[in-house]
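Presented sequentially are two complexes of chain A, the first with chain B as partner and the second with chain C.
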Partner chain A sequence: MAKNIYLDYASTTPADKRVVAAMAPYWDKYYGNPSSLYRLGLKSQQAIANSRHAIAKIINCQPEEIVFTGGGTESINLAIKGSVLAKKEKIHIITSMIEHPAVLNACSRLNSLGHELSFLPVDQYGLINLKDIQAAIQDNTALLSIIMANNEIGTIEPIAEIGAYLAKLNKQREKQDLSKIYFHSDACQAAGLLPIDVQKLHVDMLTINGGKIYGPKGIGLLYIKKGTLITPLIDGGGQENNRRSGTENVPAIVGLAKALELADKEKNKEAKRLAGLRDWLIKEISQKIDKTILNGHPEKRLPNNVNISIMDIEGEALLLYLDEIGIQASTGSACTSNSLEPSHVIRALGCPYEMAHGSLRLTLGKYTRKEDLKYLMKHLPVIVKKLRQVSPVKVNLKKVKESIAKAERKIIKV
Partner chain B sequence: MAKIKNKKPLAATIDIVPKDSSDPWVYSPIIKDHFFHPRNLVLKAEDVKNYDGLGMIGSPACGDMMKVWIKVDKKTDKIKKMKWQTFGCGSAISATSMLSVMVSEKGGLPIDDALKIKAQDITERLGGLPVRKIHCSVLGDKALRSAINNYFHKSGQKHRIIEESKRIIDKVARVTDHDIEEAVLEGARTLEEVQKKTKVGIGNPSVLPEVEQLIRFYSEKYFG
Partner chain C sequence: MAKNIYLDYASTTPADKRVVAAMAPYWDKYYGNPSSLYRLGLKSQQAIANSRHAIAKIINCQPEEIVFTGGGTESINLAIKGSVLAKKEKIHIITSMIEHPAVLNACSRLNSLGHELSFLPVDQYGLINLKDIQAAIQDNTALLSIIMANNEIGTIEPIAEIGAYLAKLNKQREKQDLSKIYFHSDACQAAGLLPIDVQKLHVDMLTINGGKIYGPKGIGLLYIKKGTLITPLIDGGGQENNRRSGTENVPAIVGLAKALELADKEKNKEAKRLAGLRDWLIKEISQKIDKTILNGHPEKRLPNNVNISIMDIEGEALLLYLDEIGIQASTGSACTSNSLEPSHVIRALGCPYEMAHGSLRLTLGKYTRKEDLKYLMKHLPVIVKKLRQVSPVKVNLKKVKESIAKAERKIIKV
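Presenting the complex of A and B:
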């Protein structure tokens, strides 16, 4: 049988069989509308309540602080647009240059409506500096949105530290009669692998998505701390405590709760296992292929993320070769994006365009075994050699590294 | 009760589940063939000798770069061979490979015909390209023309050299890629310096990423 090795878990995960089983009765057995008062409806209502309770316990919040949405992108839009649209005046938003497009584009939309917007730079490993946040804050700043762990390069941001700083700052601002700065974090990539405790993280809002944690796609949640003002984006029958209308997606909500429950139980052990595989793979690539650079932080990194730029070759061509031998991976090359722009995340690290074009992202998961990675490493050096033969480009690695170190890093305000 | 034979899974009976069990591929079968089996490829650039024209276009920063060598039969004015190297995506690699076949098949293509090859001709021979990939094949014909110009130059046929037409980068400021090239040649290296000379992107910031790429490209081309 042809090989099929999935190394794109950051893109999406397969649903865990236990999740699928938990969801099963809610398609055609307990299909009632949760808003209906007969028993079949109450059954659905109960399933949602149980799911909400279970999740609240896991992320350490009150059940009513959780809003179910149609996915990570919707949660992010609700957090960013919902909290800003609840304001009467024009405000200032701060985010980073390495956010998911959902955050960047939601912020840009608000910017086009007249709100001010600042983008924070990152260092060459993708880390955001607290000092930059301090420097970017204005009197009218009302929202800060930072990704918890980056989807492309896996860098884990100091969310708890930023949150604690903001909590302290907000107390001072209250005395000065300045607006509270809400803190949202996009935890889509982090939720399945890192501990999520919204109290310890000091966030006001936090986004989690089902399709990245072995749950169903098309379901997400937004944690909204009590007292946070949000204008709903979807109006209708007033479900989800008037914050997200539309008949609840009961099977998906149950699936999301089950997925989080499984992640909570298993992630410590699994993260350790994945980190071992990740480190082996990074070492193996750097030893067997010359002229490569690891993108992202060497330690503060998701346990399942490997992102490496391979000089002189182009990512899409590499993916096509890998696909041919049954390996699924991802790249930051412009050729695979609809915009034909190379990865904004890798560019933000200070890397020249050619490094983004030649980047390879391998993200590991539940079903990744050491032998899968050995199979990859049997073929990857050969494919790289072949593509380098085809390529007229001969990048000077030293010069590339120098230009990364020298890259300009400043707050961009629009 | 009759036994149900060949019980199919539910999903298989529903229309939206694809019935075709063969694996899809992102491009046409011709592109796939040329991608995995490139024709006339140069494995070691230093081994290429006795060529009559050399052309290079694009830059790794842009995501595509092509280098083309041609051998010309001077008596018949036909291209006998085209060799190449490409840094780029699958469609860029296949497009260059196909181009090399187009100019050298059937005893070689007369230079005047080769100069007329358009990106669309290559795309057609490849069995079509997704719209956003068309630009990948544009570079192939440009690289070939640059090699032919180089041949004209080397063989003392300067009157035949054809200047590439200019491309408007900023419609507002009416700045072309040649203007940016000129600015770089005159010593401008940063966006600000190029803007001082050309006013490109001032009041039209959406073009700036492309301008920055061009500045890098021309800086690398002339000052490495």
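Presenting the complex of A and C:
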């Protein structure tokens, strides 16, 4: 029988059957428009209120601080553009070089409108340094956006530490009559696997996406701390407390809440299980295949993320071979995997161009079993060997490692 | 047994069971990210391509002219803001006084950024006059947005006529080196019931919403004619041909295509059936209840729309009584029904303030049967009588009608 082993959970997750079941009655039984005055409408209104309440409890905020959107990308755009466009003057934004394209492109859009923009470098494990943030901050800085856990390499950033620093700094800045620096974190990858407590993280805004946590696609949320000024991107009937108009997607909102509830209940145990599988897989690959480099941090790492550069092969070719034997994997972000450009994240680690091409991302999930990884490891070394036989590239691993260690890491201002 | 008669199909529709079934495999079987390189991803990519193709055939455009969004409100915002923000200079927008709040508020947002804005009046039946459009056009006019069929009063606007006029005018304007006037139509209410042929309508952009046509909520589309310049509102991974980023909502896209296919197949017969019920209901109400005025056009009217102002009563009170006997109805747009302001659409017809309060919108749909309307008509006159007994207001119907006929109708420029 043909194998079907999904190892691309960071790209998107199947909806959990319990999520699908939770949504079911809202398609054609409780379908009322929540803005309606009759009971069928109130039923929808109540479903939204209950979902908002449940989520607020999980991420430790007030229900009215949650805005439902059409997905992670929209939430990120609302956070970044919404908070910046609410300002009258041109301001300065800080983000990192390893953000999701939604963050990078939302920031670039603002940059093209005249706002200043600084990109923070990362170390060779993908970690952002607080000192770089301190160095990048200007008098007119108004927004910092940092990914909580990277989607490609899994590195977990020190969000709580950065948030605490900013909270303290903002108190000083208030006295100096300088703009508050809002702090947004893209937690799309983190949400299903790490604890999210917006108070402990000291964030003003935080993005979560249904399609990455076994919830429905086409739904996301943005936590917006009370008092944060946001100009909506989508105007209309004034839903979501005037911050995101459009008839509420009730089934998906119910599904998102269900997905977060399941994650909250199951993630401690599941994260431990996944970390075990992850560590086994990393060890196996490094033992069975020579000339590899683990991308991302060895410990501060999502429990489900394995990202390894395998020298002297093309990542795309590897993916196609894996697909043929029933394994679904990725080279990096699915969002850019259709392009042949090497990953901006791998490049930001300091990796030379030719190495960034050969990165393999394996992200584990709910349905991943040890035997799946054993099956992978039965085939991966063979495929790599085959690809290397036809490869014109022969890099020197030692030189690559030296090059990474020596890579220039500085703030880029545009 | 308690009755449950939904007469608010213009507010939102239940998803058709065939739509729910079409979406089902995409939640947890074919869940791949369409940007992935493996077959599970290609399966999703193919599902989107097939949906786009099917819809393009129905509305008579090229598949690449369709952009999937998170709903009607987002599509409208993308059309209006996207086309205006793609311009370097400040321009002039024309819309009507009876648009959906999404159009009005998207236009107002642009107005607050310095773009000029003109609102067209309507006649007492809600019809927009081509002469008013001609009078409103300026050298710097760059966008006209007109609703195809009004969501509250059902009046069908002469979109094809306006579009043909604009197409001709734009040729002249090109010679004079004046900006092209883009034409957007909000077809959210029209899509399920009227033929939509974007070539015959001569529109540059057109909005359709899943949640109004027995499709899923949280999905919409914007037709964008090739060559139309649009700045995206949501930046990121570059999905939807760089016009709307975010991982595609595959189940909802499949569901939207299914809903449009079903509508396309069934709407001729269904529109005829609904128009029969509608006309029966209008006649019944006007015969059994005195002091009423039909809002909207007597003939150029959506086949499922009944909107009647019943003098000397409060619309909200009427809705609650109807809900008690199992009938779901509305006073106007669901999007604003939580507010106590009288409908801007009814006001635009020339109706005095006190009358705008008493409008009852009954919108019929797939599951509406004659016996449902008979049940309504058994109770409505009794409820109206009861409400009138306690009403402090006694309007003079003749004076109201005179006031409507004499109402000032002029272009408002802001």
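Please note the rule applied: the second predicted complex is superposed on the first by the 406 of 414 C-alpha atoms of A that agree within 3 Å, B and C clash if a C-alpha of one lies under 4 Å from a C-alpha of the other, contacts with A are read in each partner's own complex, and residues count from 1 in each chain.
Rule of thumb we're sticking to: contacts are C-beta pairs under 8 Å (C-beta built on N, C-alpha and C of every residue); 3 or more make two chains touch, one makes a residue touch a chain.
Computed from a predicted structure; not experimentally measured.
*Asks:* Touching A:L320, do we find chain B (first), chain C (second), both, or neither?
*Replies:* both
*Asks:* Check the residue A:H297 against both partner chains and state whether it touches chain B (first), chain C (second), both, or neither.
*Replies:* neither
*Asks:* Under the stated touch criterion, which partner chain does A:G32 make contact with: chain B (first), chain C (second), both, or neither?
*Replies:* Only chain C; A:G32 stays clear of chain B.
*Asks:* Examine A:N77 and indicate which partner it touches, taking first as chain B and second as chain C; both and neither are also allowed.
*Replies:* A:N77 contacts chain C only, not chain B.
*Asks:* Quick check on the superposed pair: does A:I234 touch chain B, chain C, both, or neither? Answer first, second, both or neither.
*Replies:* Touch partner of A:I234: chain C, not chain B.
*Asks:* Regarding the shared-chain residue A:Q389, is it in contact with chain B (first), chain C (second), both, or neither?
*Replies:* First partner only, chain B.
*Asks:* Once the shared chain is lined up, is A:Y6 touching chain B (first), chain C (second), both, or neither of them?
*Replies:* So A:Y6 only meets chain C here.
*Asks:* May I ask you to name which of chain B and chain C touches more residues of chain A?
*Replies:* The partner with more contacted residues on chain A is C.
*Asks:* With the two complexes superposed on chain A, say which partner A:T247 touches: chain B (first), chain C (second), both, or neither.
*Replies:* Only chain C; A:T247 stays clear of chain B.
*Asks:* Going by the contact definition given at the top, which residues of chain A touch chain B in one complex and chain C in the other?
*Replies:* 316, 320, 333-336, 338
*Asks:* Over in the complex, which chain A residues touch chain B? Could you list them?
*Replies:* It is residues 312-317, 320, 324, 333-336, 338, 340-342, 352-354, 357, 389-393, 395 of chain A that touch chain B.
*Asks:* Please give the residue numbers of chain B that touch chain A in the complex, ascending.
*Replies:* Residues of chain B touching chain A: 26, 35-36, 38, 41, 43-45, 56, 60-67, 85-93, 132-133, 135-136, 209, 213, 216.
*Asks:* Spell out the residues on chain C that touch chain A in their complex, using ranges where they run on.
*Replies:* These residues of chain C touch chain A: 6, 8, 11-17, 19-20, 27-29, 31-33, 35-41, 69-74, 76-77, 100-102, 105-106, 108-109, 211, 216-219, 233-239, 245-252, 316, 319-320, 322-323, 328-330, 333-338.
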